[in-house]
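One structure below.
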Amino acid sequence: MTEAAPVYTGVDDLRRIARELLEAGDVRVIIGYENARVGARPVFVTDPADADKLIFDTRCVHNLVTYLNPRRDHVAELGKIGLVVKGCDAKAVAGLLRESQLKRDDVVLIGVRCGGVLEASELPAALALTPENVAPRCYGCDNREPTLTDHLVGEPQPEPPRPVMTIDERVAALDGLPAEERWAFWTEQFSKCVRCYACRQVCPLCVCEQCIVEKTQPQWIEPSAHPRGNVSWNVTRALHLAGRCVDCGECERFCPVGIPLSLVNRKLQQIVAERYDYKVSDDPENVAPIGDYRLDDQQEFIK
Amino acid sequence: MSETHDDFEPRITAFVCNWCTYTGADLAGTSRLHMASNVRIIRLPCTGRIDPLFIVKAFERGADGVIVSGCHPADCHYTSGNYHARRRFAVFHDIMQFIGVDPRRMTFSWVSASEGAKWKDVVDEAVRSVRELGPFEAYRALAPDAGAASPTGEAKPAPAATTEVTP
Amino acid sequence: MNIYQPLLTTVTELVDETPDTRTLRLEFQDEAQRESFSFRAGQFGEYSVFGAGESTFCIASPPTREGYIECSFKAVGKVTSALREVNRGDTVGFRGPYGNWFPVDDWKGKDVVFVAGGIGLAPVRCVIWNVLDRRDEFGDVTIVYGARSVEDLVYKRELEEWSSRSDVTMVSTVDPGGETSDWSGEVGYVTPVVEKTAPKAGNAVAVLCGPPIVVKLTLPVLEKLGFADDAIFTTLENRMKCGLGKCGRCNIGPVYVCKDGPVFTAAQMKELPPEF
Amino acid sequence: MTDGTDTTSAARGTAASSGPPERYFLSEADLRSLVGDLLGAGTEVIAPLATDVCQSPSAVAASACTLPGAAAVDIDYRPLAGADELDLSRGLPQLSLKEHFLPEHEALCRWKQKGTTVEVEDVPVEFAPRVVLAAKPCDSAALAVVDQVMNWDYQDELWNGRRAATTIINLACPVIDESCFCTAVGTAPDDTKGADGLLTPVDGGYVLEVTTDKGRAFAAAHAARLSDDVPADTRGRQAADERAAARARVAANLEIDAASVRDWIGTHFEDPLLASIAIRCNGCGACTSVCPTCHCFDIIDEEEGVGRGTRRRCWDTCQAPTFTLHASGHNPRDDQNVRYRQRINHKYSIYPLKFGEVLCTGCGRCTRVCHAGQDIVEILQAIDIAARRPGEAAAEPAPDAPEPVTS
């Protein structure tokens, strides 16, 4: 197996396409990645001359689809968007299309062939992926080459390395514990929550005009950050993403107190996979499992 | 956690649909079936209206167990509310189990308007298993004033006590 | 007792002003508090229903009527909806008075013009009664008040009382289409009615309060009539939680509505950054 | 407009320094003994503490929780259980010291309601004495800055009570990275602002310098553990050198003129630099949660059952649309650029205008925690250039458009 280089191929094409789209007026802004003072970060390129700022390497962790979220008025104001998407990001675009939060013609998608990204983006230079530094979600990725795109750049990439411990293994480890220990584990993790709602804000699929936590009549979720309110919030956040979560990991990456949200998210993916044979993809026609049903769905837990 | 808590009367909240289970529970009453009296019924139009958050809220407010019950498949007054609910509760059931809630605290059932006797069984069984599990102290320990509301200003109450178990 | 702890009051009267607006009269339960409580016209408080939370309104009764305070509110949010449900005898929490006030004492000998739209009459009413209770200290008193419809006019009995007084020029108006068959007041928006009423600006101050659009459109009219920027007073509102300058949300640029306001002159408003 | 500078320093926890600082030496072992003395006397000792990310007794759960390659520990200011837990090598805690003075949530009062009668129960505003050891200077300085607003005409007794009960001994900062900029906003990696003393590591132990009456009382109470053997040419010089080197390291990151920045922001409300300042910002509010000076809060009622409950204040964030949303639906800050501008404005202009101090101590947490790349160092640099060298502003990279660095 060949190992992916830290900087992916196709960056020149990416820059050229971005420049052409801007010059032709097909889009008003290209949202991609750039080098920042520390690490890589999102960039909003509006001037074709700036297209050369665009990069794509293993530090390009961010799911930029969050900027297509209908709540982002200040981004929408910029005009039609051209967006750089990895395979996982394209799944989020499909999610928005599926839920009528976005029209296909309102965005130009520049897909990049991806061989995985790093766990952290804030590094001075891109690194080759290793079991120690690879984002665990990249392992087993089924969409390294997005299909929901208007342009696709780069060479096909090898599979990313297997992380030291995969997310599935970690979920399985928790599944193997007695219930009391799982409860102790999760209540301890959730008690760290400071209720900044970063997880919600960065989620490309948290699209509600008014989040349940902001509804006050009645006050469904207690707003202060004590463990009881935190459990309600974190369980609800996860449930609302059931069958919708694209596993981009942004909620966990942005969490300022390090709650391992990807484990809950992965568990939900496993649940819908096992029960409803559902896998999230970048096909907008692939109906999400919650909000859908079959007459013969499993009901072994119902008396 | 296997010993029975004899002197403990579980508090159980039941979310039931208006058309089937509520009528079934009513039938159980008018038929004078003897059953446990630990259940408070909250009537909703349809199981499809029961947000899993209701169950979380019930635990928050001190319920030791929860029952969710509605029309059998194919019998929904609104055609498909119970089918939608079935998927939602399946996911909820599994994820609550994952975070460590004993699934025996959550009973899901289909009870039709004519199944007064089944309702009695569901209630008795739910009360029996919750009684066996004991009060849901683990959830109550999450309350903001339950643990360390220490006057020194320690911000975070201590995490819930852990039972020492080797995996 | 810390600064966030409310005093307890009892609801002694309630008036449904319009289908969605209610006035509560509150009396402090503690006698010492009842005796010692005082405030100035224009100040506000934090009113609470226990379990629902706190909400911010001005004190709508005048400081010249002692022993109680009144507030008027529209039931739109969680707390106001809960306040809409209270009955006579119920307990309501109160913290205050907070903020600055209308410099009524400085207006002695001057004409006073009041312009209000909709529920904006609540803070103005406090000043109106304050002035009327000390009527001989002031010159002409003119009140222009408008609402969307006859039904939406608040303080209806007081509007009648003011109309019937010979020492007050009272002009009521409702938006076109909002009149009833027996409506005897003006029909039209507040701004043109102010222009038509044309109060003398020479030795006068104006108090203006209402929805943002009324304030925005009426300011130039008052200026045209000759009112100087520092003779026009208004009261602003912003979302508040503490009322004490700490919770950090009511500022408009460097100005905290809760501590530097809520009363501002038109001159001060022009200095504010465009963020309200 | 009310003049906001009339705060009562007496009401504040830490009395202003008087007289020259007193200096002592204590060895690593002495320090531990001192902590032991405090704990033995029942005094809470808070210090940056590394805790396993997962405290579960199960190794399986612990390994499941820890991301491969990530640090297996959370660093937080926490009460020490024993003197052996003290570890002065720890870096900047995730959350600032603020959480021990303005907790994430705290009761303001409790009520019981029966029929028409309500009983309101006070919450205590006096707190048991406690000591914070090895506080980061940027965190203690933040407390002194926030003291101003907490005593703006109305004294916040909950804040003041905790301030008064707490003796804070800083540690000259051992962890400086590219996001630190304390020296640019008037503090320093060896500052004692907001604290009562400072520990500086030297060979064989620490130099303890106490700077306030509370600090002197602390030194007096622990005299047995302290020696005054701080020769100016050895330990004294070493401590001074350490401190000067740290200051220089931070200063290399950012240098601005805070007064120019303050005035420029105040007069350029709609400048494009501010108007499009937050294009990549997700409005997540993580920056305000971790910030040692962000103190904005919400007040909410939470019921504990029928007829009883607690009125609490909890952290809130100016980055959330609901922060300023009116009941009518109108929102004066209805756009993320505007909300982010408010944060910058509040910190570097509004607060300095009102209270004479920048509402920022340069800890850099907001930059580190922002995975979308909102970089406060870069933003302040751009504003400083716009304010002091407007001619260069166009040529210099604006916050939105830094030149790519070749990697």
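Letters A, B, C and D mark the chains as written, and numbering starts fresh at 1 in each.
One rule holds in what follows: contacts are C-beta pairs under 8 Å (C-beta built on N, C-alpha and C of every residue); 3 or more make two chains touch, one makes a residue touch a chain.
No experiment lies behind these values; they were computed from the predicted model shown.
Visitor: Please identify which chain has its centre, taken as the mean of its CA atoms, farthest from the centre of chain B.
Guide: Chain centre farthest from chain B's centre: C.
Visitor: Hey, which pair has more contacts between C-betas, A-D or B-D?
Guide: A-D
Visitor: Round to the nearest whole Å and give the separation of the Cα centres of chain A and chain D.
Guide: Centres of chain A and chain D (C-alpha means) sit 31 Å apart.
Visitor: Return the distance between the CA-based centres of chain B and chain C, expressed in whole Å.
Guide: 50
Visitor: Taking each chain's centre as the mean of its CA atoms, how far is chain B from chain D in angstrom?
Guide: So the centre of chain B lies 43 Å away from the centre of chain D.
Visitor: How many angstrom lie between the CA centroids of chain C and chain D, rounded to a whole number?
Guide: 40
Visitor: Do you know which chain C residues sit against two or more other chains?
Guide: Residues 77 of chain C each touch two or more of the other chains.
Visitor: Note the residues in chain B that touch 2 or more other chains, in rising order.
Guide: Within chain B, residues 143-144, 156, 159, 162, 165, 167 contact more than one other chain.
Visitor: Scan chain D for residues touching two or more other chains and write them down.
Guide: 55-58, 60, 104-105, 298, 300, 302, 312
Visitor: Just say which it is for the chain contacts: an open line, a closed ring, a star, complete, or other.
Guide: If you draw each chain as a dot and join those that touch, the picture is no line, ring, star or complete graph.
Visitor: Between which chains is there touch?
Guide: After working through each pair, the chains in contact turn out to be A-B, A-C, A-D, B-D, C-D.
Visitor: Would you tell me which residues of chain A are touching chain B in their complex?
Guide: The touching residues are 174-188, 191-192, 212, 220-222, 224, 226-229, 231-232, 235-236, 238-239, 242-243, 264, 267-268, 271-272, 275-276, 289-295, 297-299, 301-303.
Visitor: Taking the complex as given, what residues does chain A use to touch chain C?
Guide: 216-217, 219
Visitor: So in the complex, which bits of chain C are touching chain D?
Guide: Chain C reaches chain D through residues 1-6, 8, 10, 48, 50-54, 76-77, 80, 87, 89-91, 93, 100, 212, 237-239, 241-242, 244-255, 259-260, 273-276.
Visitor: Would you mind writing out the residues of chain B in touch with chain D in their complex?
Guide: Interface residues on chain B, with respect to chain D: 61-62, 143-145, 149, 151-156, 159, 162, 164-167.
Visitor: Note which residues of chain D are touching chain C in the complex, please.
Guide: That would be residues 1-2, 4, 108-109, 111, 113, 116-118, 120, 122-123, 125, 149-150, 152-158, 266, 269-270, 295-301, 303, 309, 311, 313, 316, 318, 323-328, 330, 332-333, 338, 342, 345-346, 349-350, 353-354 of chain D.
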